[in-house]
Every structure is written in structure tokens, then in C-alpha cells.
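One chain, chain A, appears in both complexes that follow, with chain B as partner in the first and chain C in the second.
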Partner chain A sequence: MIVLSISFLLTIIAILLLILFFFTMYLVYQRQRESQLKTRRDIYLHNYSQIWYDYLFHDEPFSIVLVPRGKAQVEAIEIIFSSYLKNLMNENVKKVIKEFSNLYLKKFYEQDLLSKRWSIRMNALYRIADLQIDELLDTCQQFEKTRISEEEFFQLLKIYSLFQPDLFMDKLKDQNAHYSESEYRRLFVLLEDDVFIRFFDDFDNWPLNIRFAVIDTAAVKRNMQYIDKLKHLLSSDISEIKVRALKGLYEIGVIDEIDSYVPFVTSDMWEARLMVAKIFKHAPITYTYAYLEQLLQDENWWVRSQAAKTIAEDRQGLEKLQDFIESSNDPYAIERAQEITARKQENK
Partner chain B sequence: MKFLDICMWFFGGVILFYMLFVITSYCTMFIIAMVDLRKRYRLDPSEYDDAHIDAFYSKPVSLLVPAYNEEVGVVDTVYSLLNLRYPQTEIIIINDGSTDTTLQTVIEHFQMKPVNKIVQTNIPTKQVKQIYESQIYKNCILVDKENGGKADALNVGINVSQYPYFCSIDGDSILDEKSLLRVMKPIILSDGEVIAAGGNIRIANGAKMQFGSIYETQLPSNYLVIMQVIEYLRAFLMGRIALSKFNLVLIISGAFSVFSKKWAVEAGGYSTNIIGEDMELVVNIHRLIKEKKENKRIAFVPDPVCWTEAPQTLAVLRNQRRRWHQGLFESLWKHKKMTLNPRYGLIGFISFPYFWLIECLGPIVELGGYIYIIIAFFFGKIYYEIAVMLLLLFVIYGVIFSVASILFEAWSMNTYPKKRELFRMILLAFTEIFWYRPLTLLWRCEGLLRFIRGKSDWGNMKRVGIAEKEKSV
Partner chain C sequence: MIENSKRLNTSYINIGVIPMSKILNTEDVMQEHEVKRYFEIWRESVLRSRLTFTAVFLKLVHPTQESAIRNQMTTFLQLKIRKTDLLFQLADGKHWGIFFLQSSDVEAKAFLKRIFAILKEEKEFNHIALKASITEIRNNNVNFETLITKNKQRLVDNELSTWAIVQVEDYREQPNEQVQVSIIEQNPIFRKVLESTLNQLDIPHFTLAVTAYEDGYSFLQSDTYKTGHMHLIVMNDILPRKNGLEILHILRNMPNEKKFIIFMMSERNSEIAALNAYEGGVDEYIVKPFNLRLLEAKIKRTFARFWL
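Showing the complex of A and B:
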């Protein structure tokens, strides 16, 4: 048995070594191919980058030599387009890139969507969205009917949000996939305001993480039209929604009245009290000082700290903090006020 | 003689059975890692990076750099953190009572000025002497404290930090510019379900670096270091990826890991009375998750790369391995009640037995195997066959797995792109079982003995600094 086992082990080792040998050869061959592809890509970049620049920025006539032939040239064009799209906000350039991609790159990505390899399909979906190849919308819808991963469906949602927002809203309602808040934010931030505001119409019917993402996106869009929508959410039963709405209102930074926020000065949630202390930065201290003094004596370290910072930011803030230090008998509040005063004076 | 025969057969059988068990376990983990990495092969990572570079999609992170006598490497480490592509960070350098010029070097280099700052004591620590703030980089803070060890320094960092996540980085490590963005990916994409994540650690010796950025990776010329490069690749492919997939990770390297501050504080922060403080925190968090019955995870992320300095001499390597193994044993022993305890689910039933049997007791059995082979050749013909079989299993375990890891890494990640480097690594892997493996086994067994004897008087690794390395290798 042992003799058999030795020969068995020897056979296994021989087979494994053979596999590793062939794998090494394959790796060497593959590296060779990749290096050739890279050379072809670099040659295209070297020869045509300037022509692309002139075509995109100086309205030079389109030259047929720019039309890609093969994978290496498509990769080179992707590099050129991506560098312009990431670093420039030029609508005309975007339009030209979109037209070119729809005309000459479409077929490559259509082909890639049929690939068995998940990563190649994903890359194709990335490019369809980045280069705005809207002529592939139908292909994408067909692609959705095949067995796709959650990541691929997410990219499809992104594509729909760009090319057909109504379809996007429908798909979002019917989807079974679960995405994170951060991913939903990535989708919502691309939406036009007239589409995005529709989320507030039946706000409570959306899953919780979509609701959170909507509030955060409204905050980052910094549009006045969302102030009332967010204020409305301050009466929500869900405490996290209230805190996020407060955060959103702080970030939009326009406080036309303080009555909506005053009840949160005595909120049970320290996060809400913290946000009010922040929001009061945007209101004149004459209206808010009484509340800020209350928050300066809060049981929570962060709330005390924020209240002191908010007071210190006002022109008369340091004086007010000094008065507070002299008159108060709350050692924790005095400690925070002293630290903020000292830092403010250091900065001066 | 009869007794000796029984012993030889018994130990021969145990070692053979053990080796087969280890090989099967590693094979399974290797296949899981291959499937996972193969899926991502050729996926364009810049899409995610570019999308999440905005603070709106990410979460702020406090970067903690504990430094004890790191005058050579600390400046480069801080530069590598300043180079990070991440929207919101603060850098907290904690000088743990260094006896060299670490404090002065940091103060002078980053124009640090003392500030009044009240620190919340979430975790009790040794006294903080002074906090400084950089005049050049406003998000860079230096904390000078009494010496209390790395764990204590990290706890001070946690107390001083203001963000919900913190990332611990060794004072001699260099981060890739996108590493933080990518290590935070599972945390951000899971809406907080992932509460800690560790990154992939690579050896920096031989790499070319300028102002905290590695701009060219090169295989070092020192054979001892190359063997460690291979060893890191193996550990990464035959362990962490697979364990992470099933939330079974017990070790995420302290050289580069991110934790939710809330959970780390609740777990008591880093333990100051134990060698492997990074493993200890992970185990404590796992314990907390199970006790609170929460659906949280600890993940290992394959691509984020942290470059670290590897020992270049046998003496320093011996010290390091001895310490690592002693730390591992200490942590496992401290939490021994979790082993096979149904209360801790798969952590108790898979992770702990795996770490006990393969990582912890493995060196004893393997070293026993080497001794067995030597004795068998003295004892005569009847044991030759067991000895040969053992040797062949060592070849599969040592050589085949190492070569497979090198090739698979070259195929999926391609850290060392030159063909010559690839062949050099493969050739060296064939020698592993004759010198490197027995040596490390010996040192790990030494660590075990030191644990049993309660010794902990090891020295610090003598650093030459990553940037200087090319001169010294």
C-alpha cells in the first residue's frame, strides 16, 4: 500500500509540475501578447493624441484615421476620452465624444456584452455609461433579461438613469437587488432635479436606505427647492430620518426661521442636538444664543463642543464665551468653552 | 526496540495524516481564492476609485501611526499618507516615548506646533504629554505620550481621533495611493455591515520610492527577503481571501487595517498586555458581534497594498517569527473557550480549530516530520517508505503550493512584471523546503516555548528605512 502511495504521490507531483509548467508557458505567452497590445495602444496614443485634441477643441475636421481598428486602438481612445471627461466640463467635447462613441465604439461594447467573462461585461457597461452610448439602450434592456449579477444590474440602473429616467424609476421600484446607500447616492446624484424631486412624492414607500440616500443627495445638490421637503421630514417617526434631514438642512445652509429647529434643542437624541448646534451657525446669534448656551451645558461632549464652536464663529462669540466661562458653574461646559476660546485666539 | 517501532509507526502515521489534512485545507482555500480573483481579473478598478473619491460617497477616516524609535521611516510613512487618494482623513502620529529623534524629526519636518486639545478618554491609556498640530498640513496631528507600547499608542490615537473609522499603519509602512479607498470599499458598500477590513501587505525591500510613493516594484536581491515575498503571497492566497469570504478572519495585519471606532472602543480597544494586539482586537470584536447577535463582518480586501519592510538578516527574522508565533499562541490561549463553542458559530467551529491545528500547532508537527525523516534514514529500511512519502508531501506543501501562488499572483495581479523576476522566484521556491521552511519552523517552535515559559523580552526590529533599502540590499 505504501509503495502504491509513493508512486501515487509521485504521479500527483509530476502532474502538478506539468500543469505548473504549462501555466508558466501560458503566462509568458500572455505577457507577450499584452506587451504587443500595449505597444500598439501606445503607438496610437503617440500618433493620434494631437489629432484628437485638435478635433475636439479646435473644431478641426474629422479624420478617418481616428476610427479605431482593433482592441488596442479602442483602449487608446478610451484613455484619451476618459482623461478629457474626468478633467474637463466642456459640453461640446462631451457631445462630440458621445457622437463618436455611438458611431464607432458601439459595436465593440455590444460584442463585449456577450462575453462569458463577467469583468469584460462590466467594463463594457462602465464605458456605455461614461461615453453616453445611448444607442445601446435597447441592447442593455435585452442584456438585462439574461442572467446578470447585482453589479451588472447596478450599472444598468446607472445607464437607465442617464438615458431614460422614467425607465430608471420603474426599475428601481421593481428591483430585488440590494444596494448600499452610497451606491444609491451615486445613482441619484446624476438625476436631473425634476426627476429627483419625485422621490419625495411617495417618500415613505421607498426602502429605508433609499430614503436615507435621497435625503443625503438632496443635501449635496444644495438646491433651495429641497428645503421644504427636508423640513417636512423633521416630523418623521424615524429618528435617523430626522437627524439626516437636519444634517441636510445644515448642508444646504439657508435658515429662514429657527422655530422648526428649536424643539430639537431638547431632543432625546444627541445627534439631533448636535445638528441643531451646527444649523445655528447659519442664523444670527442674537436669535440662537439662548439655545446655544443650553447646548453648551449638554451632557454630550460632541454637542458641547459644537455649541462652543458655533458661538465662537460669531463676531461677538469669543466675548460671549468669556462671559459664559466667568458666570457658569458647569465644569464640563467651561472646559469646552475654554478650549475653543484658546484655539480661536491661537488662530488669530 | 518494539516500543521504538510502535513510536515510529505512530508518529509517522500522525504526521502523514496531518500533512494530508493541511494540504487538503490549503487546496480548498487556494481554489476559493482563485475563483474570487479570477472573477475580478481585468475589471477596470478606476471606475470605482473615481466614483468614490468624492467625500459624499465615502466615510472619513483617522489614520493612526504609532511610532517608537522610527526616526528613519516615519517621515516617509506620513508622506505616503499625505499622498493617499481619499477625500477626508486626519493623520495622527503617536510618539510612544521614543528614545531616538522621532519626536524632533516629525516636529521639524512637518512644522508641528503645540496646541491645547482636550482628549476624550474612551479607552484608558498612559499619560499624553503634548499634542501638536502641523502648520503645513492642517489634518496632521502629533501626539507625544509616555511609553506604553504599540497597543497603548494606538489606543491614544483612537481617543484623539474624531472620525468614525480609524486605520492603523505601522510607522515603517508605505501605503499605495488608492489603498485606503479600496480597503474602505466593503465598509462603504455594506452600509456598515463590515466593521473592520484589512489590506494586503507586500514587502517593500527592493522597491523604488520617492516622497512616500512606490513608483517601481523590483524583486530584492536578498534570498531571505525573496523567500518572505513568496511566503506573503502564499499566506494571502491560501488563507485570508477564503477565510474572509465566510467571515472567518481572525488576523488582519496591524500594519494596515481599518476599524469602526465604535466597535473597537466597545471591544476595549487594543490590549496592552498581549503581543499580538491586532489579532486580539479582531478576536474581541468577533466575540462582541456574536454576544450582541449582530450581523456584522470583518473582511480582508485582496488588492489594497501596504508596503512594509521585511527583515534582511536571519537574526531579525528569527526574532520576528518567534514574536508572531508567541502572539498567536497567546491570543488563542486567552480565548480558548471560544474553540468549538456553539455560541460563537463558525468562528468557534472553523476559525479557532484551523488556527489551533494548522497555524499554531503546525510547526511542531512539521518540524517533527523533518526530524522523522532524518531518524528514519538511521533506523533502517522499513521506515524509508514513510520518510519518502513525508518528503513528497513536503514537496507538494512547500514547493508546489509556493510555485502555484507565484504564478497565480503573476496572472491576476502582476506585482513583479519582469519575466526574470518571475523565474527567479519560481527557482527559489524549489529550495524552500531545504532551508527556509525548516528554519522558520524552528523559530516558530521557539515562540511556542517562550509562551510556555512566559518569556516576552524580545527586541525591536532594527529598521534601515524603506527608501534606504536599495543601498543596503
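Showing the complex of A and C:
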């Protein structure tokens, strides 16, 4: 049996109580600090939101009171700026915010990048990109040399893509970190068209998930200049690239000729045949009907269904489907054609 | 009236020469006392349905007692008007009146210029010369008798040249209509921007009463949407408590849902989201971030469509 003296136990209790006391005091202090920060931030928002609005939108003269003094006021300005940037598109406002941030907020974020806390550093990187503080580009490059996380490097790539696209391309080639397709898409969507199009020049040398992300981003950007680039990829050796290029061309929705797509009507991949059935939605049915009829009798249910839908969307589509039902001897194709016809008539 | 309409159901053909078989008698055309009730209904529709109409009065420059000339003129006018226009003869037998429904003075002026050109050109009308007055009606402060008296007074002026067209401007002032505007946006800073912008928006003949809400529930609690006023709603698709799509559904299922003009703002720049919104009944789908001036222009255009 362990024998403990009462005085020893009391000492232990006293030490624990002391630790608890200091811990409570620390929490109270932190809470107080946070609450003061919030109060100061709210006061700034209350007093200066209108002045900011008048300055940004009504060309009122700049007032020195708007310059932030301390962290709370910086937070308030972040709230104001992000509200405007997220909701409104105004080149002049964007320019003024950029100038102001480069002049008065730069030092705060520079300091934040030195913080030991990851969340503070990440927040600073987000703000540098959002507020376009390009004067911190060198600081960011210095920051990259320290031990940073993959998330921070990703954010740095975003900053480089905005401020120095060439550097961004170089970093992307040399990088050790690997990101997902969706993360690459998030980066590429921010790129200007003249930078983004450079991915197609050296397309086959990029890693596969970057190539996929490039095709998908081209589809989202819906720019006519990517049509030829995507068409070029239809001759790729990689099936996935062909299907994604077809999907991208469908999304852009401008079909100037059908010859490039006709070989896919008899493709081994049902996904490619499905995409062609979709693409033909954007072309006159007089040119595409023969191929759509072929796709209507495809072995794959999705392809048959899409072909029937594409035909039905044309003004004379229902008549054509009716003729097909009467003349065909393919029961599966007839079934799809009948179903789509019935659905279309219901919607009418 | 029905009887008269049947009798006057002549085809709308653009010819100068009128065959004798088609010449109408003065009693075949509607008379002043018959038109008054129709005029009163249309006058009230001006406010309720925002339908401008225009009255045109015509008078021969050299009044004649010859009924053949008057009948020839009546037939000519009857052939030239549209099926939605109404021709009538004034009790004094010297004037004709035409009501152009859903038409402004621009259309009436064009009509007069067209018929004047034909009358001047065609030989069979070379003994006829006219002068005309136009009154565009955009409010209900006019009664039938005053309208006729004022136009007759304008046409009695002997100094008016042949083929002159004069205008009575007394009833073209549009009434000011009160429009309820609700902004439903969670972000307080952006909400204030929208509020200031819409408060400063100047739309001719409409007064905007702007109210802002931070969520869908407080908007529905306010009951402002139950008033009979036209109601412009500028709201986000995603909102706390009741979201924008739910509000859209509630408003579009109300019996007088046509009074709502709904602009939906969204961060989702996808065709599917826009399609869903339009199918749900929004009038405009605006993707954030957007240009405030574009929003203003869209709102102005929407209101400009209400009147001719």
C-alpha cells in the first residue's frame, strides 16, 4: 500500500489549483482580447462602411481615417473589401482596393507570413491573392524557401498565377507536390486566356491529371479559341483524353463541322459514342440524323437514350422518331424512341 | 355596337380606290353617344393595365353638306384602320374620331401621315382636304365630353393649314406609381450597397419604396409582399432561415403573383442553376459578382416595358 502524507496531497492539490487558476486567467485574458478585437472591428465597420462606400463608388476624396490602425481595423477592412469583391464587378473599385492594400495592408500580411501559426500564414496568403497585393511577390518567394505545407504552396501557386504567370508555369513544372485534378482546375480557372492556352503547346509533357484539368477548364471557360485545341486532342492515344475533349467541345457548344466527330459514332468506347450523341444536339439534324439513327440502335442504353433525346429536341424530331418506330425492327431502339417521344409529348 | 361591328367588318386592304358597292352610309359607322361607354372602360384600363390609347379627330378643311363626300371619307377611314381601332362619327356630322387602342401618339401620327399621303395622291379624293388632332391618353383625368370639346376647339382654328396635325397634350402625363422594393441579402455591407443604389435609382413615373431584409424569414414576416402594389424583389438564392428558392416558390404560388418582379442573385455561374431559377419563375438571374450599373439598367428596362 502506498502511503501519502496529507501535507504532500495538499501540496499537489495546491499546485493543480494554481495551474487551473493560471489556465482560467489565460482563457479569460484571451476571451477579453478577442472580444475587444471584435468590438474595435465592429466600431470601425459601423463608423467607416459608409465612408468606404462613398469613396469607392461615388469618388469622394480619400480620408486618412480609413487607414487601419491595428489588427482589428485590418479585419474590418478585409470584411468590407471581400463583400465588394465577392458581390460586385467594378474595375475601378478593384483597382482602388489593390492600390490601398499594397499601400496600407502590405505590412500586416508581411508580418503574418512570419507567424508560427499555420492558420495565420494561410489567411495572409489568401488575402494577398484576393486583394492583389503584388508588392509582396518577392516576400512570397522568400516564404516559399522556408518549410511550408502543401496547402501553403498551393496558395503560393495561386498567387504566382495571378502576379507572374511565367513563374507559375515554371513552378508547376518543377513542383514536388501533387494536387488533385479539382485543385488544378481551381488554379487554371484563374489564369488569363493567353496564359492558359500555353498548356496546349506542350500538352503531352504535362502529368496526366494536369492534362485532364486543362481540358475540363477549357470547357468551363467556354472560349471559342479552345475549340481547335480540343479538336486536336481527339486524335490522342489516350481514350480518357479523347472522351474529355469531346465533353469539352460539347460544353462549349459550337459545332462548325461534323466530320471530326463522325469517326466516334463507331468508337469502341461507349462514352465517346454518348458524347457524340450529345454534341450532335448543337448541329442541324439534316446533317446528323443518319448518325443519330445509328446511335439510336447502339448496344448501350445511355447512347440509345441520348440519341433519342437529341433527335427529339429538333423541331421535326418527334416526326422522325415516329417514322423510326414504324420502320425499325430493333426492339430496344424502338423502346427508347417511344419513351422519349412520350416524355416529350407530356412536357408539351 | 355588335351589330355595327358586323356591318363594318370590312377587310383590311390597303387600296386607294373605293368601289361604290363598299361605300358606307353615315349611319353605318358608330356614333358619338355609342362610343362614350367604351371610352370610359378604356380610360380606366389606362391605369389598371397601363394601356395607353390615343384619340385622333379629323375634320374636313372645307366643310360640306354633301353626304356622299362624308360617306366616301367614312368608308376610306374604315378601310384604313386596324381591327383594334374604333372609328366613330361625331354628333355634329363634321368630325370623325378614331380611338387607337394600345397605341401612342407616334403610331397615330404615322397613321395620319399615311392616310394624308394617299388622299393627296389619289385623284378620286382630290376634292378632300383634312386637318387632324391627336390626344394621347395616359391617365384617367379626362372625360369624354371634355376630350371632344378640346379637340374640336383645336380644329376650329382657321389658321390651321390644310393637312395640319395638332396635338392636345393635356392627358399624356403618366401617373406616378408606387413600387414596393425588397432586398433580401445576408451580407450587411452588400445589402447596404444595394439599398443605397436602389434608393437613388430614378425611374420615370415609378416611386420605389425600398426595404432590406437579412433573411427570407424576416421578409415573409414583414407582410409587405401581401400588398397590392407592384413589388420588385432583389434576393440572393441562398439565404438563412428561408432560402431564396423557397421564397420564389411561395411568391409564384400566390394568386396575384404577376405583380412580383423577381431578380435572383447567385454565386453559381452554371446553366443548370440559371435554368432552374428561370423555370421556378425568376425574371432575371444575375451571377455574382456583377456590375451595379448592369443591375440598374436591367431594372430600368423592366419598368420601361410597362408603358408604351
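Note that in this section the second predicted complex is superposed on the first by the 316 of 348 C-alpha atoms of A that agree within 3 Å, B and C clash if a C-alpha of one lies under 4 Å from a C-alpha of the other, contacts with A are read in each partner's own complex, and residues count from 1 in each chain.
By our rule, a contact is a pair of C-beta atoms (placed from the backbone, for glycine too) under 8 Å apart; a residue touches a chain by one contact, two chains touch by 3 or more.
Every value quoted in this text rests on a predicted model; they were computed, and no experiment measured them.
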| item | value |
| --- | --- |
| First, second, both or neither for A:Lys86, with chain B first and chain C second | both |
| Touched partner set for A:Tyr287, first chain B, second chain C, both or neither | neither |
| Which superposed partner A:Tyr53 touches (first chain B, second chain C, both, neither) | second |
| Winner by number of chain A residues touched, once chain B and chain C are compared | B |
| Partner chain in contact with A:Phe62 - chain B first, chain C second, else both or neither | neither |
| Chain A positions touched by chain B in one structure and by chain C in the second | 86 |
| Contact footprint of chain C on chain A as seen in their complex | 45, 49-50, 53, 57, 79-80, 83-90 |
| Chain C residues within the chain A interface of the complex | 187, 189-190, 192-193, 196, 265, 267, 288-292 |
| Touch list for chain B against partner chain A, complex | 39-44, 46-47, 50-52, 56-58, 115-118, 120, 188-191, 385-386, 388-389, 392-393, 395-396, 400, 403-404, 407, 410-411, 417, 419, 422, 426 |
| Chain B-touching residues of chain A, taken from the complex the two chains share | 2-3, 5-6, 9-10, 12-13, 16-17, 20, 23-24, 27-28, 30-31, 82, 86, 117-120, 122-123, 126, 130, 180-183, 185-186, 189, 209, 216, 220, 301, 335-336, 339, 342-343, 346 |
